[in-house]
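This is the structure I have questions about; it appears just below.
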Amino acid sequence: MNRHQVLGIFERIAIHGVLVAAALVMLTPLVWMISTSLKASGHSLSRGIEWLPWEDIYVSDALKTPVIVLGARVRNEEAGNTIEVGIASLRDRRRRTEVSLPEGRFSGEVLEYRVRNVSEADQTAEAFWIPCDQLERRIGPRWSNYSEALVKMRFFSLLANTVAITFLGTLGTVLSCSLVAYGFARFRFPGRETLFMVLLSSMMLPPVVTMIPVYLIFRDLHWIDTLLPLFAPAWLGTNAFNVFLFRQFYMTLPFDLDDAARIDGCSSFRIYWSILLPLSKPVMATVGIFSFTGLWLDFMGPLIYLNSIEKFTLSLGLYIFKGPYTVQWDYLMAATLVVSLPCIVIFFLGQRFFIQGTVLSGLKA
Amino acid sequence: MTLNIRSQRFREAASGYLFILPWIAGFLVFILGPMLASLYLSFCRYDPSQVRSGATWIGVANYVKMLTDDENFWPSLRVTFRYSIISIPVQLLAGLTVAILLNQKVRGQRFYRTCFYLPVVLGGVATSLIWMWLFSPSQGLINVGLANLYEALGRDSHLTHILSGSLRAVFGSAEDNPLLPGWTASEEGALNSLILMSLWGVGGSMIVNLAGLQAIPTVFYEAATIDGAGRASRLWHITLPLLSPTIFFNLVMGVIGSFQVFTQGFIMTGGGPKNATRFYVLYTYQNGFEYFKMGYASALAWVLFVIVLVFTLLIVRSSAAWVFYEAQKR
Amino acid sequence: MDRESTTTTQALLDALRWLGYGALALAFALSLYWVWRTSGSHVEKGKVNIDFLWPTYTPQKVRYGEHLAEQYMKENPNVQVNLILTSDPYKKLQIMIAGRTTPDVMWMGIGWQQFGDALMPLDDLAAGDPDIRRETYLPGLWDAELWQGSLRGLPSSGQVGVLYYNKDLFDQAGVPYPSADWTWDDMVRTAKALTRDFDGDGVIDQYGLQLEQVYRYPFVVYAGQFADSEWRTARIDNPVVSAMLEHYRDLIYKDRVMPTPTASAELGMLPMFEAGRVAMHAASGYALESFRKVQFDWDVAMFPWFEFNGQRYRATGLWQEEFCILWNTDIPEEAWKFARWCAGKDMIRWAALDGHIVPGRVDVATSPEYLAPGKRPANMRAFIDSQSFAVPMTPHAWHVRIAAEFDPIWQDFMQSPESNPISAAEAAKRFNTALQRILDEYHAENEPLDAAEARP
């Protein structure tokens, strides 16, 4: 092994080290979401940080019932007495454990636990005592949070609307923005630079103040409470961000391409469709991913234009778990994860087009 | 001959207009009208919660009030400027670094890319709630982790002091613990915390850069390697110049986006503590939708429009010097 | 590879590509079909169409709204109730008002006064209705529905602030439950016994008390209102308010029984109480739905008395939910019938027993079936009894702005002694000045119009 190879290995280790660390940081919110989505409601904020959805089980004869542990009777070995403490005072669920009280800490032996049945129907269930060895602690993920959340937010009825909007909007954005960008990037015409600044400037006014006038336009078109306002404008290249992105990409392609094709008798549209578009797969994937994500998660548009719940999108549906004062953490997290899944899949698939040298191989072909 | 060139020019221009026609139509129908309407409203008093009255023309009174009689105007503008000045370069650099790293052939490349893009996708209400929990000074994951770390290093150790001191210098101090940073809850740290948080969205500019990197023909690298160019030299002489259209894109969008920053201040901090994160657009929103002064809000928005336009024009003008377009060679 | 197989592969690839195009076209057609299908209007010709705006705060709330619409249509076959659901009713309403597409009837809650001028005065309609009068509702509720002297909504729910307390934590600490007549000092003493730092790391793990942010104002105005009844003169700057402020701040920094404002804003207070990390929690009836799911035993109590200079003061915030009619409705009579039906005894009884609301009607609130034992909270009466000293919360059109301007003052005041906060008297003075400035500006811009002139 020569010096170069050794360095190469070190370098690879270093790169992976950095990437793994960064990926961990990036994944933390996701992991916590998954963990919260599997906990029983009210457990999401237990003292300290619990990554796993623990559950207490009372084992009696043949029955195993989930219980909530309220407190314990502990023997203080140093003082020789037995006292009753709240469950938060115990360090862990072991037989010999450390007990912290306002008066001080001691190590003690748990004799009995005070528990109550977990049962939503019976709110007034009485607490009872069970011997220490009949309490088991196990990981009990609540998968039912997922099904319950999806039912409560009417997932499947909202899914169809969201899919329709996202599909039509993404298709329209990719086609119209690439076409408009082609016009800006590859043709000289009077006022081109000015018009391009106008295009950019349409992004510079905070949407807060245009919200009401835009609403009036859609009202006059009789598009309120339909899916149209959410995707139809996308077909007219109104998304300046994506036009700009396409334009920047086209500007990097040599003009020889167009000239050669034109000599072969290709029309301008043909050059766009058969030469530039196939070459711009990476940027098409990028615009596609952005546009998909944007439409799928769009909240403000649906909030303003949709009235009936059967026309709602998934992003509106998520708000059913968050009122102005209450949050149903478990359901919200479960539903958010499910709703986000298609975006992750689309990104994973879209990456296929990020392959270096596509342009070159395109040139040779 | 001249006629021929002329007619060629004319045809080129006609095709150009034809291709941008969809946008012109869309702009005229959906964008221009509302922009002009808000410009008109900026000279009016208009309360959108009133059923009985529309807008009343009051001339430039809104603009005069903004400059002379609004104690929140300058502070909110300052907050937005501070945010932009720090976040634009940081975002740009982070997006570039991540993209270049993940453009190499590393094992698990797709997985890493997905990790970086994930936070962009996990949008919606849930994310901001998660963030509030992460940043929570007394019970959040970050501070609990830091507390454990300091415990392990020893509370009074030199390392703890350096670490805690530098973190607190940037992110403020927690109220009830002298060692931990206060993040979004502290007046000094709130803005920087939001900037830090915005880095989780780096996946967006990462994929733009990745797409840009794909456009660089591999022959250039091959030729440079044969010429014996080192890695740094290839980065400096090939990657960066050829990526400059993408960098230009990210810079312009960074300016437009960061001057309009709003959401985090609205959802996470509500503009606080003590207006430390009351961004300009947040203040605009409050005027329009909470104080019912839509006319005044419009005036605020148009002032911002002019500011952003000036900055964008400066960048566009400067771009001739540093952005290299293959298509300009003609 | 020989030529033949190359052509076969090529043909296969082509077929696949066309299949892809076909699938794309199919998806396109299906999506368009879906858009067309969902574009149909709800308006039914030949029927009375009532647009009804309702919030989607919780799944239960949605069911409540849907039940109202369905039930009313069942009873009135000539009526079509179009339910407009939204997670942000006020913003939606604002845009609808600007677009002149307002609903006919809508739910309103906290802060409805910001739309006071958009709501139809109901006095004339109520005058001919024996059921709609002051005595039908719990004390204070009727007045809370007034805007510029006229009735603007029919209350469904009267939400007052009460103290929720975790009985299990009380039992463990061996302290008595709050009584109906307890004082501020009793509350502080109890809270001290319930505040714990279990692991001895200097960070408190269990707090005795927390007050929802909105409750800081009822405590500020324990002695009464923010302003005079006309809302022209601010009334915050007085010794009782100063004393109240001082005691409030002491809960955090002197008595050390309450989390700091930032600590409690971090995670939301409901989850803290639900996780058993706070023993007493001041909130209104909205918390019931959430707390009914928790596993420990809890109950509610009235706010304590505050003693100052030999006088006793007590107040709590009052928020109500109501059914309102928008002023530019085309069908005022039908809208009134519907709103009146929603706020009538039968529907309120149903909603109360189903756990949607704390009923504002005396007949339902005091009925044995509503106060039935065996349900949490056992002391449901606290909600009803507290109404006698409840104050409507900031009944002003610009209440959001008032809150926003109070905020920095509040933050200057609510600081630990080391950071040299402003004094309580200074805070009261600043609150007063800020409020007065807003009230003056409001009156300069909005002189109230006569009803006749104001009708759009």
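Residue numbering begins at 1 within each chain, and the chains themselves are lettered A, B and C in the order written.
Methods note: a contact is a pair of C-beta atoms (placed from the backbone, for glycine too) under 8 Å apart; a residue touches a chain by one contact, two chains touch by 3 or more.
Since the model is a prediction, treat every value here as computed from it, not as a measurement.
Common neighbours of subunit A and subunit B, by the contact definition above: C.
Chain A has the Cα centre that lies closest to the mean of all protein Cα atoms in view. Among the chain pairings, A-B comes first (most C-beta pairs in contact). Spacing of subunit A relative to subunit B, judged by their CA centroids, is 20 angstrom. Between subunit B and subunit C the centroid-to-centroid distance comes to 34 Å (mean Cα coordinates, whole Å).
Annotation: 29 Å between the Cα-based centres of subunit A and subunit C. The set of subunit C residues touching two or more other chains comprises 91, 95, 98, 267.
Across the assembly, subunit B contributes residues 48, 133, 289, 294 that each touch 2 or more other chains. Residue numbers of subunit A whose C-beta contacts span two or more other chains: 212, 216, 319, 322, 327, 329. Residue ranges on subunit B touching subunit C, taken from their complex, read 45, 48-52, 132-133, 135-140, 175-177, 182, 185-186, 271-275, 286, 289-292, 294.
Residues 27-28, 30-32, 34-35, 38-39, 41-42, 55-59, 61-62, 82-88, 91-92, 95, 98-99, 101, 110, 168-169, 172, 196-200, 205-206, 212, 267-268, 270-272, 274-277, 286-287, 289-290, 292-297, 374-376 of subunit C touch subunit A in their complex.
Partner subunit A is touched in their complex by these residues of subunit B: 9, 12-27, 29-31, 33-35, 37-38, 41, 48, 98, 101-104, 106-108, 110-127, 129-131, 133-134, 141, 144, 200, 203-204, 207-208, 210-219, 242, 245-246, 248-249, 252-253, 256, 260, 262, 281, 284-285, 288-289, 294, 297-298, 301-302, 304-305, 308-309, 312-313, 316, 325-330.
The touching residues of subunit A, counted against subunit B in their complex, run 12, 15-16, 18-19, 22-23, 26-30, 32-33, 48-49, 176, 179-180, 182-190, 192, 195, 197-206, 208-210, 212-214, 216-217, 233, 235-238, 241, 243-245, 248-255, 268, 272, 282-283, 285-286, 289-290, 293, 297, 299, 315, 318-319, 322, 327, 329, 332-333, 336, 339-340, 343-344, 347-348, 351, 353-360, 363.
Every residue of subunit C that touches subunit B in the complex is listed here, in rising order: 91, 93-95, 97-98, 102, 114-115, 117-118, 202-203, 260, 262-263, 265-267, 326-328, 397-398, 400-401, 404, 407-408, 411-412, 416, 445, 449, 454-456.
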